[in-house]
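Chain naming follows the written order as A, B and C, and within any one chain the residues start at number 1.
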Amino acid sequence: MNLCTDQLAMLLADPGQLISVSNLALDPLSSAMVEEAQAYPVNRGGAEQIFLMHPDLVLAGTYTARASVDLLRGLGIEVVQLPPADRLEDVADHMRQIGAALGRPERGEAMAREFETSLASIGHDGPAATAAMYYPNGYTAGSGTLSDQILSLTGFRNVGAEAGLTGGGILPLERLVMAEPQVVVTSTPYPGASRSEEILSHPALRQLRDGAAQAHVRDADWVCGTPHLLNAIRTMADARAGLEGQQ
Amino acid sequence: MTLRHIALLLLSLLVMALFLASLLIGPAALGLKQSVMALLAGEGGPVALVMQEIRLPRALLGLLVGAVLGLSGAAMQGFLRNPLAEPGLVGVSSSAALGAVLSLQTGLAASFALALPLSALAGAALAVLLVLVMAGPRGGALSLILAGIAISALAGALTSLVLNLSPNPFAVMEIVYWMMGSLADRSMTHVWLALPFMAIGCGLLLATGRGLDALTLGEDAARSMGVDLARLRLLIVLGTASAVGASVAVAGAVGFVGLVMPHLLRPLVGGRPSHLLPAAALGGAAMVLTADIAVRLIAPDQDLKLGVLTALVGAPFFLHLLWRMRGLEA
Amino acid sequence: MTLFSLDHLSVRRAGKSVVDDVTLSVQAGECVGLIGPNGAGKTTLMRAALGLLPHEGSSNLARLPLGERARQAAFLPQNRDIHWPVTVDAVVALGRAAQGSGKLHAEDRRAIDRALARMGLADYRDRIATALSGGEQARVLIARALAQETPLLLADEPVAGLDPEAQLRTMQVFADLAREGRGIVVSIHDLGLAARFCTRLVVLHHGRVVLDAPPREVLSDPRLSEVFGIRGFLADTPDGPVFQPMAVTR
């Protein structure tokens, strides 16, 4: 019922064990596993639909519609809820938890180990460069977020966190421009115009980006605490190395 | 110098002061001298970027949007001889928003630059025509307001429908923007897009002054004094549609400006519509600039909508007017 | 000189004939009273003649372009609308708008002063028109039509609801204007005032002209009681005929 648990489940479950994934798993802009997801029937997160699939176990996020989760529990179905991963340490924990919930703890443990090993190999020494995440409506990641941790791991200072934001929040374009980040990470626009995304093509931001390096990351890699997160981390590490090359 | 001239002069000074304040107030704390230098001479550098690409368009749009809303309100009131007429209340703004949203969501807006303001203009024109038909001068206050409610509700519902059906997940969040309006993070591109339409609209509306004056005495009297009502109606429809359409296309629907300003200013500049038009434009500019400054001061890091503030001032005002009219009609 | 001429003018509304084949002309120097019971078509006749309503037949005024029409004839509608709080001076000045540029010239100012003086409003100039009494507002609106200084003036029930002084003053102004060589068409319910001040009376009934003659003849015609359903007392005085409605005849 949740984009992130869907992906972990697809990676950890035995064939035939997972009977449905959420429709979000099929969205190429937020899901890193669209191809895999196509093999499963899709649910839209409604309790009625999920109940009729007769699952033994439902994996959901803690922010998944409460009413649906309560209803399913009331109907006697076991629901495991995972909070969103706010720290890199959470990611490996989640892998273990899902593995255990699916009855495949050894597989979860292996994935977590691999993730931790890969993570340990990445790091950056020396002075940090500035970077900002910038999303529609001027949304950015502040301190205490997974993005923030990835940025500091790969040798960046997060402009959002330095602006005093905790968690996600809005950073006015003016303050982003004044901070002059060396790298700006933005999302890929969805099809169909929206005014929220218009800010990403604002001339001021465009000029800023012309002066700054750009990191080309897939949003889908950032969203969830899955092994794909390593892609995002590696991209940022490369971007940091690229900056070094320029200097 | 009459009271009217003094009022116009003071209003102009007020608008200038507010325009400057709008340039100098923002989430990024910039020094006064630094900002002015950057605005006028700055080449490159983050301060110049902020001043020229973010604050200047915002201040300009505040000025322009306010001016056209005040002016359209005064012109509509003059034409309908009804103090409750206002682009927001009678559904012109929400229909313009529908036009804009349709052109954005169908991709028409991306096909050529003028498609967005033109679609908003078409939406606005349709609504003005509907209002004039439904609540012509003989319609009275009640039918005007009822027609306005119906048109606003329909346009609002269709706007929500279009945005809900959009493949873009952010579109739904924009319903509030289109209904309440905001000047946050607009660029010079928006200024250039809207300016020509606003200028044409204002030109057409300002040309209605003499006709509206004559209409003070009713339609028959006006026509017998040589006023071509068909031409006047055309000026009002095209002028309002063009000005309000362009304004909504770049800033969403900001309500009540066209209602409040003519009323506040009538005692100062006199009831003559031709005298009221320029004053209402200045007053509208002052009101929207003030609201936009307030938005930034009250909640600098949240995108508080402009229309929230104008409605907070305007809606009680509207009730007050209704109350007074109730006394008159009883 | 003929200032006003209607040729077989008809107005139909929802298939019904409201004005039926009216042929009428008014010369300079005439003050024509248009009389008839409610619903006889007086207002419709005036509005059609001014080109404010679609009609058949022809009217010399309706044929003119709008601007020229406004220089030929001023019209005082029955509704005394003053929608905004404007000064008396501003209302009367509107009468000059028809004459040209929008800017008031010295000649326009003089015309405004003359109109205000004729209606006894010289001291009201800077008062807010909407704050005046109904009778005063009516006088202001008449002054507006006078300020237009057209050869012809059409007034639709200008004295309805006025006090006796204002009624007499208004009708006297119309009679004076006619004597000065202008043409006046005034619809009026008060047959006494019509007898006293008009040079000619036109009786309209069911949209048709029934009688068209000097007051003395019209008011003594037996057809008058058929149209109005009243009989009255008519007497000659050195100042002209006097007519007093006396009793209902049906």
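The definition used in the following text is that a residue touches a chain if its C-beta (ideal position, glycine included) is under 8 Å from a C-beta of that chain, and two chains touch if they have at least 3 such contacts.
Worth saying up front: this structure is predicted, and the values here are computed from it rather than measured.
Relative to the whole-protein C-alpha centroid, the nearest chain centroid is that of B.
At the far end from subunit A, in terms of centres built from Cα atoms, lies C. In terms of their C-alpha centroids, the spacing between subunit A and subunit B amounts to 41 Å.
In terms of their C-alpha centroids, the spacing between subunit B and subunit C amounts to 43 Å.
Centroid to centroid, with C-alpha atoms defining each point, subunit A and subunit C lie 83 Å apart. Those residues of subunit A that touch subunit B in the shared complex are 136-138, 169-175, 177-180, 189-199, 202-204, 207-208. Residues 47, 50, 52, 66-67, 69-71, 73-77, 79, 81-87, 90-91, 94-95, 97-98, 102, 128, 130, 141, 144, 148 of subunit C are the ones touching subunit B in the complex.
Per the touch definition, subunit B reaches subunit C in the complex via residues 78, 81, 210, 213-218, 220-221, 223-228, 266, 270-273. On the side of subunit B, the complex with subunit A involves touching residues 26-28, 30, 46-47, 49-50, 53-55, 104-105, 107, 109-110, 166-171, 173-174, 177, 184-185, 187-189, 300-303.
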